[in-house]
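In what follows, chain A forms one complex with chain B and a second complex with chain C.
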Partner chain A sequence: MSLWVDKYRPTNLSQLDYHSSVSARLSALSTSGDFPHLLVYGPSGAGKKTRVLSILNELFGSGVNKMKIDVRTFTTSTNKKLEFNIVSSSYHLEITPSDLGNNDRVVIQDLLKEIASTEQVDFSTGKHRFKVIIINEADSLSKDAQAALRRTMEKYSRNIRLILISNTTSNIIPPIKSRTLLIRIPAPSVNDIVQVLNKLSSKQEIPLPESETERVETLRKIAESSERNLRRALLLIEALSMQNEKLTPTTPMIQLDWESVIKKLAFNINRERNVSRISQSRSTLYELLSHCIPARIILKKLTFELIQLVNFKAKSQIIEIAAIFDERLSLGSKAIYHLEGFVAKSMVAIEDSV
Partner chain B sequence: MSQIPKVNFNIHYLDFNNSLLGSGSKESSPSHETSVSETYQDKENDFEGLEDFNKDSYEGLIETKQINKSKNNRNDITEAKIEHDNIEVQHILKFTTPAVEEIKYKDKEIDLPYGRRYILKRKRRKTKSLNSIELSRQEKQSYGMNLNDLYAKLEVERLQENTESVKGGSNNTVSYLKSMSNPDILWAEKWRPKTFFDFVGNESTNRKILKWIKQWDRVVFDKNFKPITTEEQHSNKSNNSAFSRFSDPFGRPERKVLLIHGPPGLGKTTVAHVIAKQAGYEVMEVNASDERSGQRVREKVRNSLSTSTFSGKPVCLIADEVDGAAEFGFIKVLSDILQDDAKTLQKFQNTESSKFFKDKSGKNKPKLLLRPIIAICNDLYSPALEKLRFNCEIITFQQATERALLERLKLICKAEKKVLTNQQLKEIILLTDFDIRSCLNILQFGGLDTKNSRKKDTQASWYSIVNEIFKRDPHKQKSQQFKEIANMIGVNTNFDKIVHGCFQAYHDIHYQDIRLTKPSKISDWLFFSDIMSRTQFESSGDLSHYTSQVALKFFDLFCDLTNRQSIKIQSDYEHFERRKNNANTIRILFNHTSPQLRSLLRIETLPLEVLSLLDYILTPDTKLNSKDIAKLKNSVAALGAFGLRIQHSKDENYNNILITYPQYTTISKFDKALIKRQQQRQTQSFPGLLKELERKKLTKRTYTQMKEGEELEDQGETSFQVLKDQYEKIAVAEQNAKKPKTKIKVWVKYHEGFSNAVRKNVKWSNLWQ
Partner chain C sequence: MVTERSRRRSKRIKSEKKVVVIDNDNEIGEFEEIEEISGDFDTGTKVKSPKRVKISQLATKIRSISRSTSPIDIHQDNSLWVEKYEPKTLADVMIHPKKLKDIKSEIESMLGNDPHRPRLLVLSGPSGSSKSTVTKMLANALIDHKTQIPNFIEWVTPSSTNSDRFSDFLNSSSYRTGEKTALILVEDLPNIFHEDTRRKFQRALLEWVSTDYRLPPLVICITECEYSNDDQLYNQGYNIENNFTAETILGKQLLNNPRLTRIRLNSINFTLSKKCLNNIVIKESSIFQNIPVDKLKPKLEEFSRYGDLRSSISALQFWSRWFQFSSSSDINLGKESSIQLFHAIGKCIFGSKNEGEQDNDTINSVMKDYSTRSNILKLGLLENYDKYNSSDFDVKKASEITDYLSLNDTLKPEDISLELSIRKTRYTLNEVEIKKTQKLGLNFPREFKSYKLIKSIKNDITRYIELEFQRNSIFRTFDDSNLLHGFLEPLINNNRVFKNRSKIHYYQSINKSIPQDWFYPKEPYLKERLGGPLKELNGDQEVVDSNDDYLKTSYNESYYNDTKIDTNTQGQSDNEDDEDEYDSIVESSEEDFGGDDTFEKELMAVSQRKKWGANEFIKSQEKNFPIKSQKLLEIPPNIRIPFITKRDNSEFLNDIDENEFDEPDF
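What follows is the complex of A and B.
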């Protein structure tokens, strides 16, 4: 009873479709008896979580799939009450400390200690006497929280194992990296996605064309427009098959609204470079920000849209500028300053190259 | 509630001194019809009025006050010792002459010591006026405004004009006159609006509140209130079909709590109080100064909502400042009350009304909410309000327009004899961010000095500094002006606001630039300011004062001779508010998703990819053939996975639409037209989804029954291992049970209520043999 993304998700390692070498390594890990702390990283929609849950399934059996959500409250040192959601099964629990922003340290300190100090009593198999804690969005953990984490990892390693999931390793402090086994899950290639979608169509009725070549052609188109993000590809194919009677290679793809807004912005920046255009782009940027699109994603998308439009000389310059402003975005806190700065500077760059 | 009667009086001025009313004014005609009606709720007000009458001598103002007949005011009137058979008339005359000593009311005739005589002759009430009352009643239902109030407003305005023409000076609002006598109180208190017509700004919001509170009239003021009969309901529906689809059997508003929110100092509390009073309620205020934890407040609130006060007026509970971490207890009490009410309502709808009211004794006494509750807060999204929010009619308070506020301040300045220019007043308004209360505080205490010292003492506001930065003075050297501005910024320590103001404004001013170098240069400096101001929140030391240099850079780059006019600095507050709103919606959405899906998604991906595509998944393109059933099922599954509910709602044109709760379309779509289109599509396809949901609910019920049957099988054995096995068995059985469901549509029901229905071991497969 869910979306296809969830419904047809592989639940154990043998069902995984691509990155077979990673799967082999993981299955070797799970059978080896002991289990290290893991740091799983890779781009969004590559299948990190699916793999982690598959490992858990291998370790503990299907019990891990019976998950529930608890709400816990924490009190900070300033007596502020914080609510925090935890997804858990009887073998593992999953937390997203970055939900609490700067207070994530409290969760790491209180919750992990609490779990770590109670020993797991498993009456049935006695397979593994530890509980697994999955920490989502580990790259947005504050430095304090990461510092709190590193001692806990060693001290209580008898009772808990951590699996950190993040998009990059660059925000993670070296001591944590050294305590974990790093596993990179790269984004699936277009062919991988086509293969997965094809497999899906055998399980779920999808109005795809009959002939093999057209069928592959259609799937390839879907895979390409989802930017090597499998989750997005699966959602897209579901949305498309809900909207259309028949899927053919000519079926128009669904454009995400925010992406088309950025596309338009890039087009306008390239076409017309003056002060009033900057002022207009500011309101567009505000609009994007208020729709909860993260600033760095806006910058990234805008950069890629721009470099498709401009000439060779400007390309390299724009990428350089984008890199500078990406840093500024992550150092500073006023996104609109930097996004607008990027627009202004790239206008200058385009102007110079013409 | 007794309708406020609208009565016209003919006043014949027999011996009238023209000078009193000003020459040439039309009021001086011997037979003139005045109908001034002013509603009074306040005892004090009436007494004050009488005292004015005796002692004070205001010039040339004649007020005819017709006190409405409502029982609430009867006490007041008897105390005023004015005898009248049917309708009480209080005639107040204010003269330049010394105190009036004696007035006799004889058959609507007034004698004054100077030989003047007034005869008040009652006008025959015509059938026409009865009609007008009927009319006004209907008006009231649709607009929530009393027609008489509107008349009163007009009349008050006219009176004002008259006084102005007489005195050529102060144009005080009538209700303000009364508070004038006491100079020692804070202006913020002194000039607090006293009637509905004194409010500044937010007119439609105020009307909405009034309308909401008027909807309680039926329950509160009708002594032997009964639920609305079906006939009435029909007539109501036919009358205003655009009106709410929802109808409370007692005629109360759909949402029983009114939640007002907005930034401080806009008059939320005042509005709530005045409107509650205007509607005839006694206000009971519970604010943060009261003990509001759990049990203690529970009894207090319950008592006040179910009993009446000494004055005989019903109570309206105003819960002020309900956002705050310490308010969980209080919010709990409120939401409990609402829950009880909803339960009672449900019970009522299931039983017959006659039965329902008999059952009043003992524990089963219906806990119906019979009094309005108004809650006030600053932050709508504070976690304490989470539970209450969706049960509330939410009213957002916005800043009054600059012009309206300016008018009011000018009025007050005039009355208080302060001479300030428009520009200065405008600056005060901007300085306080449209906070009326703090405007008045500044006026009272900052404005007491003479003009010169005021200028010297007060630091220039960030707003005026920003304007200065863009102005290039032709008579000074640039370095000279630079120094001055540096000084000015140094005195005002609000660097962040100055820089942000510059950033907001620099597109709107003129500057010389070739090839866009200036905006790109300033972006580097803005980065510097961002980094510096961040240090405030880090432990390594505050470096934020360096930010002031960025403002100077703005001067260096963007100052221009052509910028002479002050410009209006836009605020990005709106964007922040919207972002907060959207982020909150996303969070709610994320919290409702099923655990499996939740562990798969990151909250960030919701606005990025999931929600836009979910739009399409939830609104399948159906043409109602066999394939579409599968599509519907899919959509329902998606709906379930995200824990979305389908709700009835209204769009801005009051069309009925179906939307999801939480409503996320505003996040997934950018264009207004697209949002609208999506809403239309939702309205088209959601009825199908609702049907499917209903069907699913039914099958689910059958499942649980089956499961119970399975469990009964092996009751004899108790060993632990078996128990564990059994759980697995159930899981398997569930799996098996699901499979036949899709293929064979046969349902088996055991005898409900007979626990020993299955005594011997019957396997599921046996049933199919």
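What follows is the complex of A and C.
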């Protein structure tokens, strides 16, 4: 017994609820004997990882579910000890490059070499002689590491297959894209999510309204507030049904803490446009950053909250400002300059439009 | 003009005592910590000076007097002047009289019987600010000389690496009380660059201050300095690796202890330095009589500006030696005075206070010192530009500055980007009309505090990911864990436990068997937001030591400390938060945009809580709100009692000004 989102996670391609055409293609792929390198991309909460794990299940059987976690230490050229986690089964291996920091190139190269040099000996259970390496958050791989990967991919393709999982393909260099099969997993539509939630309510006791229309209405509200992120929707409905005796379409939604902080920040920026408000915003921004909330997500959320509050003329200006500072976020090194710059500039834009 | 000057000078000689300075070197790690001692040399001398004499004549006159009275033959003397002119009595130590009074009264009260007396005195200041001299002189003056025992005991770092030596030393010295009282002086520090040794050092001192029985007075002298390391280390914040200060050496917990008193000494100001140098010129007249006054005078002024008496005297000595061989006076000696961080930030934002100094010169002088450490200064600008004119200026100007700072964050090379940032900030702020009297209260850049928090929260999250994997074989990504699970999971868990508890209770009362999954989630589960609730990260008016990891609390401690699971993680110390850093802003999950009055209410609520002890508050909350209310994050899991900051940097700035506005002399 665990969280619903974990408990009802599909483990087979056949159990998947939406994007049936993608699922069909994947299942054809996994039964075809050979298997290409994959690049699976799409927004978070769309079901990338679920699909990847389902493919592994299809390829190697249930043995892949016997996973263990290892802590590997790696000594860099500057004699620094680096610790990172590797999740592995006897058929696959999973790494997250953001654990590795600047040394991801060396680590990945060494690791892949090590795995590739040991061939699979046990043919009794597996149908395939290769090992699969899953690289999570592949878009956070440095360019250096990606360039190293491209060579390794070809050299060791006899023994290893890579599955890269990422949110976008824009950070992935073209040579990698060309060596992998790109599979896009779009975010589920609101209707998809409603269906999944409905299916869940048949397995799990959820205090939903009796009448069919109200029931769908409630689920739809939850699905909408989850921003088409299925994980979020499932966590939300669990939190809501734990918190409330009865769920109705009017039940207040739970807002994520960091989101309500940003909402409040946007409200204050719009209401009061002066220098001392900028100073106060800085405290909030620092706190959000300290909580490891990615600067880009803060900027995006803040922009969307702001344009809901301001008039038409300011809307377009704020979008333009956001675009500028979004670029600077990726060029610069300290996020606080750019976020504060955005706050100050938006204040001026709002001031001008009033 | 000359006669007027010499008259004033001769008066000075009549009224003031001679000064002798010695030098002793102490090595701390790789640094040379040099202390300066100044004091009386021969007090009995009275000079009857004629009203109108040329300086050279005067010097000859004094020379003859000095010769007759001085026990030392100054003629063919090769000793260093800094050693030769060591002060012999308290009155001759070059220190501001007010500071001297402060230190004296502190040591006196340490010798007294008041139960609230301070146990530990920390003297901090730049090199050559008379810290240890003052202490030694005071030990002589305040402690009885009856016994044979020396009246101060000094810690000398042994060459052995045993890190327990310091506490052994303190233990053995603690018996020096009563009539045989001695003052314990710690000037040479153990190898505090080694983390373990530093911890032990701090712990030994903490034990010392918390002891209630009679202890001899303990004085620690710390020569503070900033030194730039390579840039990467500097990025990691303010710590022992780049700042050798009381904060980084002793740690916050110790410094905030009420039984510790800290007195900051400033570098010796122009007047005092000059007085001291003049006295030496008079005593060493055999050398200086050959040097023309017009050459000597500017040099004396230059050396007096060093702010480090030892350096000034050495410079004077070597310059005079050198002058005997070559009559040209062009030689660069001594050190350049460096600008401290807060001072530099202040200069960039408020402009220089010195009359007639152009912005351009100010910026150049700051650039000279900070071109290699641009990060910290740029962050300081961002942190403090809004303090100008008490935040009362057009938001357009602010947006220009932030826009520029943001743009410069993307520019390379560093020094150009810094210069552009400084110039933009200064010139833009210069356009603002100042109406109010300005409050000088600069903040230390929060980036480093934030960096530290990020590190600890990251650690929390990665441990959560590991533990979740070990419990349920589920591997979550970092962002999912932080953005979604971190907040929603505790919410779900707490509510589920609350719900199940009542169900279990009901079933027990009607004697029905209880379904197993009602016992889920099993202890320990995630109860609090991963990494702690979102609060406001406030700036400090003091430098923040990023190694200072005392007094931390952890969220979800029971969850992480689950003994049933064998974790691969290192220590506990890394995944904890700082205690005193912020106030809650997420007071309730229900949105209330009531504006400022709600914020005030929140502040009120927070301030009321502060008056209570943490435990009382939690107890009272448990009474008033059973578990159910926890779902709204209304109760901060533990109440933070903020430290009372002992001093803010406005005093710091004043101190600097003290040095800048010296009376014109000579």
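Methods note: the second predicted complex is superposed on the first by the 351 of 354 C-alpha atoms of A that agree within 3 Å, B and C clash if a C-alpha of one lies under 4 Å from a C-alpha of the other, contacts with A are read in each partner's own complex, and residues count from 1 in each chain.
Please note the rule applied: a residue touches a chain if its C-beta (ideal position, glycine included) is under 8 Å from a C-beta of that chain, and two chains touch if they have at least 3 such contacts.
Just so it is clear, the structure is predicted and the values come from calculations on it, not from any experiment.
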Chain A as common anchor, with chain B and chain C clashing or fitting: clash
Contacts of A:271 with chain B and chain C, given as first, second, both or neither: second
First, second, both or neither for A:67, with chain B first and chain C second: both
Which of chain B and chain C A:205 touches, first, second, both or neither: first
Contacts of A:2 with chain B and chain C, given as first, second, both or neither: both
Partner chain(s) touched by A:80 [first = chain B, second = chain C, both, neither]: first
Partner chain in contact with A:293 - chain B first, chain C second, else both or neither: both
Contacts of A:50 with chain B and chain C, given as first, second, both or neither: first
Partner chain(s) touched by A:263 [first = chain B, second = chain C, both, neither]: second
Residues on chain A lying within both footprints (that of chain B and that of chain C): 1-3, 6, 44-45, 49, 65, 67, 69, 85, 87, 94, 96, 99, 136-137, 229, 231-232, 235-236, 238-239, 242-243, 254, 256-258, 261, 273-276, 278-279, 282, 286-287, 289-294, 297, 328, 331-334, 336-338, 340-341, 344-345, 347-348, 351
List of chain B residues in touch with chain A within their complex: 325, 383, 500, 503, 507-508, 513, 515-517, 519-520, 522-524, 526-527, 529-531, 534, 572, 575-576, 578-579, 582-583, 586, 591, 594-605, 607-610, 612-617, 619-621, 623, 627, 630-631, 634-635, 637-638, 640-641, 667-671, 674, 720, 724
Residues of chain A defined as touching chain C within the complex: 1-3, 6, 44-45, 49, 65, 67, 69, 71, 85, 87, 94, 96, 98-99, 136-137, 229, 231-232, 235-236, 238-239, 242-243, 252, 254-258, 260-261, 263-264, 267, 271, 273-276, 278-279, 282-284, 286-294, 297, 325, 328, 331-334, 336-338, 340-341, 343-345, 347-348, 351
Partner chain A, residues of chain C touching it in the complex: 375, 378-379, 382-383, 386, 391-393, 395-396, 398-399, 401-403, 405-410, 446-447, 449-450, 453-454, 457-458, 461-462, 465-466, 469-470, 472-475, 477-480, 482-485, 487-489, 491-492, 495-496, 499, 516-517, 520, 529, 531, 533-539, 568, 582, 585-586, 589-591, 593, 595, 631, 633
Chain B contact footprint on chain A (complex, rising order): 1-3, 5-7, 9, 44-45, 49-50, 53, 65, 67-69, 80-81, 83, 85, 87, 94, 96, 99, 123-124, 134, 136-137, 205, 207, 229, 231-232, 235-236, 238-240, 242-245, 254, 256-258, 261, 273-276, 278-279, 282, 286-287, 289-294, 297, 328, 331-334, 336-338, 340-342, 344-345, 347-348, 351
